[in-house]
Amino acid sequence: MTTTDTMPAGDDALLSVRDLTVGFGPGGATTVVNGVNLSIGAGEIVGIVGESGSGKSVTVMAMLGHIRAGGVVRSGEVRYRGRDVLCLPPDELRRYRRQTVAAVLQDPMNSLNPVRQIGRQFDETLALAGGRTATQRRERAVELLRLVGIPDPQRQLSAYPHQFSGGMRQRLLIALALANEPEVIVADEPTTALDVTVQAQILALFAELNRRLGTAIVLVSHNVGTVVELCHRVAVMYGGRVVEELPAANVTTGGSHPYTRALVAAIPGLRTERSRLLPVIPGYPPVPGTLPPGCPFTARCDRVTPRCRDERPPTVAEAASLRLECWNPVPAGPGDAGSGAGAGNEPGPTGAPPTRPPVTVRDGAPAIECRALVRHFAAERLFRKRGAGLVRAVDGVDLAVAPGEALGIVGESGSGKSTLARLLVGADRPDSGTVRWQDTDPASLRGAPARAARRSVQMLFQDALGSMDPRATVGDLVAEPMLVHGLEPDAKRRRAAVTELLALVGLDASAADRRPVEFSGGQRQRIAIARALSTRPAVLVCDEPMSALDVSLQAQMVNLFATLRAELGLTYLFISHDLALVRYLADRCAVMYLGELVELGPAAELCERPLHPYTASLVSAAAATDPQDGQVRQRIVLRGDPPSPVAPPSGCRFHTRCPIGPLAHPDRTVCRDQAPRLAEVAPGRLAACHFAGELRLDPGTTETAAVGSTS
Amino acid sequence: MIRFVLRRAATALLVLLLSSVAIFAFIRAIPGDPAALMAGPDASPATVAAMRRQLGLDQPAVRQYWQWLSGVLHGDLGSSYFSHAPVASLVGRGLAASGALALLALLLAVLLGLLLGVAGAVARRGVVRVLLSGINTVSLAVPTYVTGVVLVLLFAIYLPAFPAGGYIPFLSDPADSLDSLVLPALCLALPVSAVLARYLKNSLVEVLGQDYVLAAQLRGVGPARLLLRGALPNALPAAITVLGVQAGQILGGAIVVETLFAWPGLGSSLLQAALNHDYVLIQGLLLLSVGAFVVIQAICDLIQAAVDPRMRKGLT
Amino acid sequence: MTTIEPSPVVPATAPPATGGARGRGRGRGARGYLRRPAVVASLVILLLLVLVAFVGPALTGQDPLNQDSPRLLGPSAAHWLGTDELGRDLFTRAAYGIRVDLLVLVIAVPVALVLGSLLGLVSASSRLLDAPVQRVFDVVLAFPSLILGLALAALLHPGVPAVIVTVIVVDTPIFARVLRTAVRAQRERDYVLAERLLGVGPARLYLRHILPNCLGVLIVQTGLSASMAVFLEGALSFIGLGVRPPQPSLGVLLNASLTYLQTRPLYALGPIAIISALVLCFTALSDALQAHRWGKR
Amino acid sequence: RRPGTSAIGGTTSPKPGGTAVLAQSADIAPTSVLAQNLPNLVLQRLVWNTLTEYDHKTLTPKPSLATDWSWSADRRTLTVNLRSDVTFHSGRPFGPKDVVDAIERQASPPTGLTAGQLKAAAAAVTGVEATGANQVTIHLSHPVTNFFDLFEAMYILDSESISDLVAGTSFVGTGPFRFGSRSPGVSLSLKKNDKYWQSGRPYLDGVEIRVVSQPDAMVSALRSAQIHLASNLPGSTVETLRDNKSLVVTALDTQDACWYVGCNVSIKPLDNKTVRQAVAYGVDRQKVLADALGGIGKVTSIPWSSTSPAYDSAHAGTYSFNPQKAKSLLASAGATGTALHIAVNAGQSVTRGIAEALQYSLQQSGFTVTIDSLQDADFTARLTGAKMPGLWVASHGFGQMSPATLLTGAYPFNSAKNASNFVDPQYATLAGSVFEAASDAAAKSAYSDVTGYLLDQQFVVDMVSSSYTYVTQSLQGIGYTMLDFLNLDDAYVA
């Protein structure tokens, strides 16, 4: 073990953060980034992982020369070509941002100007670099949209941000960052809202940029798998410090820091044991400003030594890691996933996480069901309606969820998952088709009965904060449904019930008096759950409830979902782009493509043996980033442009990208001419494919998978 | 769009009809007698009665209303009691004068409002902030009838750059016409610009804190562009609503300003007609004012929809 | 049903406040608001004005209606602001004028605020009532405020009550309209959908959730309405239909002073300064309240 | 100096050409050209002429369209010879028929025109006939003391264009200026009458009359030399202009504006003469004159101004401000502390000042007074309908000429029906004897009687005999008639 220099990458670094300390609050007293060192060499891809609030965003923002209002740089600098970016005069800073670095911000929903057409926003960015005529800029914009897989780019240039799905907006931001081919791209959670296939595509895009143009990339992510796949080097942040820095390849095999290990262990994979709860890191990340004098991870670490509490560990170079701050590192060795941290919150006698409580799917009328559901969006234009610009967001979906069942919905970004969820809970009205809740048609109800019926079907939003009145306290938010439905008319008992509910989702009673902004992302999501539960619902529809959470929070949430389901007999409809998560949580899984269901079947089986080629591509992508999956797998990267939802392809909608369709087998005209129906292919398994089950994903038989795919 | 215009036009007609009843009843509820006024203070009651008969004021109100309305429907707005000129021609002339004034005032108000609002939102230096809020406060606080007199004193008498009042039709002498517009338009614009600036500043401050502004900034977009193309369009809808509402107040302010500057516009005509109880003329003028307001509201809604695509839902 | 152990999710004893993108300002609540320098300054000025209004006359020992002094005197020890064209003490009249304008403000603006907010909410929440209410407002808003004031003054007899009613009639639709726009913007937000899905009824949704989130525009408009009320009072006095003479009001004083703007500019300065101070205070208070809500400097 | 008009200024020699711009606060009112009405004071003498015009000092009629005239011995027949060289603007020659028509119009106005204040004098005419190419003979039912007042007020209109006049689209007369164009409510422009019967006149090429309703605006326009003449500015405003070197303030020597407090005697306790006398003692005339009227005029207790044959300075000084006296009178009438309303015309800023001064002095005299601001139309309607809430402030004219004109034509004093609801046979008799007095001596004693009666009854409490004003900027040689009509025959722009 040797103590290393604070500047490990030496002076050949393109961009380096040195000893950066940033504080917020009056005088910057609350330290959130505490002496961070990080450097990016030219053409290097560096990943930053860590729990929520560990200072990742603040650090990468500083690389762009930006500190959010209220923040103070207490010491340190960000060096680029010998100059401190944080001290650049405004016009030089602007030049630096135009030519050198580009950023993808963390919040895709709000990072595009809502009143400007996408095309204009691209044009503006492209014009900043100069040297292109208006037509060239337009061509480049189209090219960029195509690059990130936005269907029908010509048309989309005149659309406004609100007309895009969450994942599409995220891709637009990425495209904007690529626009002027910067030297460095700083991407803060660029793939959180993306489904696995698109995510794979974006990662491939990054990789290609890096290869072709030597673009350096800083990738911040919760998703360890993604980081490992793409990056050369990974920095693990905790409590405002980089606690470990290691080559990407070493991350899954186990870092030396207990925190790194715990982080990796918390990720559900495609092979995770479904009968057990996920291992989680106990406790919470430290509150900024109250950092202990020693190692910040002390409170949650199972390898604590007496020094840990009082002395900051020195920065050393270890065998497996480039840089490490730990008094008692985990000895190098292959992934004993459970050994690093608490190996699960409450280690059972065997050291494995507790078993997951059993659940039963009940018989009877479906808790929620829809028939031939259709929702088309018209493009809103002021003066003319160009063409029949109908976006077929949901185009004839049949689905039934039995009481007590958990159904997962996965699918490409923009395939209509959110729209379907909104239709199912009655937030939006279908153009045709019906929704039934426990045999009643909510559309037929008005006024008070409708509100009463609502009680049984609740929704969790992707953006938990946005779904809560910013001015209300948590107590009010949770108590309100009980009040309006008359479930708990007595104020005192209502308060008691609120405390009980908060405890159920693992929150302290004192949380009731605070406002949602004062909580971390995971806590907000729990508040949202508590609120949904306070109506005593039968069905919970969750629209990507985890995508904004870091892995350890995600694991906690997943466990919560699993426990609540057993406890309350809830029916789940669980939308996610994380196949592994869906596999772990759901009984059955539905796959959507371009507004239609293409496959439906038991979750585990579906992941083992997908029937539809699209599902197969999803599974392959998920497997490729599965950090617990030791094998290197072939990944099916879909070819061709994603089709426009305005004019979906004829016949099978997937045929333009299908690895076993007319692209690979020109004789298969049936795919082009005839739309396959969702039919039972095997017992309990439905697929809408003329050649269902043909594409296999066994590790050995990569031959078939190679059709129309690259690695 | 076309459906929107048609629907708005239909409601506008309804509004006009209803407001014509309201205006008719309202105006006549005000105590006073135009006949007495016309006959003069030394007139005998008999003279006044004759005058009433001549003006048709001895008829039942419903009958008077019906006669007026049927006239209006046939395109005849009646004649002023006092000048005997057809209301339509008086309104037309007033419209020309007021239109010029209102347009320039609106332009000035928007420019000044934008300037002050934007400056207020981005000003960092304490001195600048104090100065801006000072200008804003004075524009808000000092009533038009004072600003008018002060402006005239300063720019027409001590520093004779502009005429003290009077209207010169644009066609008769464009340069002089513009000269004569400057002071009244400025006077009218100041309070409106102050209101606009306040709303604008408020929403701008909110918008400037949004992520998309930050995102653009991090792309290296310059401050001017960031403000004008990035933030401003998002802040405009609130300001446009206020401007639309202010449109009515512009007319109200115009009464004072036109009176102060001897400007023969709708405002001063309205005040004179109201004070004289020139019923037919008031009815015509107020009807026009309501009509103009309805149109302005529709235009505001359209502008809002043009600026913010999310507002387009209700339009089609 | 088995009771689950809370252990798997580890109860948060001290949940950290993370990701607070919106920093919190200095202290929350009324206390923090009252500590802002702008607020302190405004309140001090307002207090001074109120003091002048209620204690001032006692200090000078003058009667605002007494006409025994020589006319148009300049400021002196006996007459701090001089005398008017009828020989009345201007300081005392200004003090009484402040009372009148404060009375108008304190009654008319809150009434218009409440009434306008209710109507704005009704209009924004009910598709059925929206068009009628808005069209009625179109008519009222299209009426120049001065003409409304003139008519109301004639109907109710000129005086403070007529001024108050006029301010209410003029301001109510403005409040209603700005609120409606704000409400409609709020309605697009996710939390409204969430509340609705929870089964929250429209009354509760609008009053308890949307309205509090729209307070910003109402605050701004309240500041503006205060200045507009002063203007309207003066404009009505300008055409002789404001408060009942010989009662002083700031508008009356200002009007009377206009004749002497050249010969005795100091005459006008008093009322202008007072009105400006009033308006400045109200706008500063509303600005600070707005900033306070957003946790800014 | 030309007969019949009082000319002011004229220090430099006249210079022909130029257009004079005149401003007045309200639009001209064509329908009241038969009367003396405020908005037409500037207009009428420019377009039309009268038969005779009074000398301002002696009140003797001087020739205008009439060259000479003679009374019969019983003063019931008047023979008038007319000028033969006069044509209307239309080119039609002026003749006796036009005088016949004019007198008939005064007696019974055609539809659309309101009656003039001298209707009673015209009504006494039993016949008018053309007795020669340029002569008319007028027969009266009884002697009429104020007959030349009728001539002073009676503008000779063109009978052929009365309907145009009523519609305000064209004015045809014999005066120095012809109708040019009119924009109702805004302005009227007149052009020089090249065939004016006074040779070499007018000097001006044209006149523009503008409506500027705001006194402050008028002052600004005047000071920035946008207008040449501002008419009837409030006294307090005029007062501030006195020191201005470039402006000339002319207070008309006719003293035709007498400010008074009217009493509606149908409202208690104003039905009591003693209370009304208390009011007369309770008003501070000096203060009204100095503070509200800018010092223009003279305090008085009688309606007659100093040019009137009925004027008597002893009478004029009958009442002066005496709060003690007022209080004791009130006490004797048992009306101490009576609450009174005093109505003012909100449209006139002057009256507001007067009312405030009055309110204070009346309060000191034991009254409790509330001021009611009424809009113009309401005020006038209440005035002519005799429905005032108690006291009111207004001004009346016609004090400067024959008292009969005031008693028969000025509405506050009309013995048959007046704004005060004051009806008394004795008053009617007294007024009649003034009107019909056959000799100067008889007239003289009738004047004295009626003045004494008015001073005793005080249903009209006169306060200040004030004047209209013209404020001019580089306009020389303006004149005006005894009824205040502006005369620009000799005016020129310096």
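Residue numbering begins at 1 within each chain, and the chains themselves are lettered A, B, C and D in the order written.
Keep this in mind: a contact is a pair of C-beta atoms (placed from the backbone, for glycine too) under 8 Å apart; a residue touches a chain by one contact, two chains touch by 3 or more.
Here is each chain with its UniProt name: A = ABC transporter ATP-binding protein; B, C = ABC transporter permease.
Owing to the predicted nature of the structure, the values given are computational and were not obtained by experimental measurement.
S.K.: Looking at chain pairs C-D and B-C, which one is connected by more C-beta pairs in contact?
M.R.: Output for the comparison: B-C.
S.K.: So what's the Cα centroid distance for chain A and chain D, whole Å?
M.R.: Chain A and chain D have C-alpha centres separated by 91 Å.
S.K.: Could you state the distance in Å from the CA-based centre of chain C to that of chain D?
M.R.: Using C-alpha averages as centres, the distance is 49 Å.
S.K.: Between chain B and chain C, what distance separates the C-alpha centroids? Give it in angstrom.
M.R.: 22
S.K.: Rounded to the nearest whole Å, what is the centre-to-centre distance of chain A and chain B, using the mean of the C-alpha atoms as each centre?
M.R.: Measuring from centre to centre gives 53 Å for this pair.
S.K.: Got the chain D residues that touch at least 2 other chains?
M.R.: Residues 216, 347, 375, 378 of chain D each touch two or more of the other chains.
S.K.: Would you pick out the residues of chain C that each touch at least 2 other chains?
M.R.: 22, 150, 154, 239, 258, 262
S.K.: For chain A, what residues touch not just one other chain but two or more?
M.R.: 69
S.K.: Touching pairs of chains, which are they?
M.R.: Applying the touch rule to all chain pairs gives A-B, A-C, B-C, B-D, C-D.
S.K.: Show me the residue ranges of chain A that touch chain B in the complex, using the header's touch definition.
M.R.: The contact residues of chain A facing chain B are 64, 66, 69, 90, 94-99, 102-103, 105, 107, 110-116, 121, 124-125, 128, 160, 162-163, 173, 176, 380-383.
S.K.: Looking at the complex, which residues from chain C come into contact with chain B?
M.R.: 22, 131, 135, 138-139, 141-147, 150-151, 154-155, 173-174, 177-178, 181-182, 185, 188, 216-217, 220, 223-224, 227-228, 230-231, 234-235, 238-239, 251, 254-255, 258, 261-262, 268, 272, 275-276, 278-280, 283-284, 287, 290, 294, 296
S.K.: Could you list, by residue number, the parts of chain C that touch chain D in their complex?
M.R.: Within the complex, chain C contacts chain D at residues 65-67, 71, 85-87, 150, 153-154, 157-158, 239-241, 244-246, 258-260, 262-263.
S.K.: Write out the stretch or stretches of chain D touching chain C in their complex.
M.R.: 215-216, 234, 236-237, 240, 243, 287, 290-292, 344, 346-347, 349, 352-353, 355-357, 359-360, 363, 370-373, 375, 378
S.K.: Which residues of chain B touch chain A in the complex?
M.R.: 1, 209-223, 225, 229-230, 233-234, 302, 305-310, 312-313, 315-316
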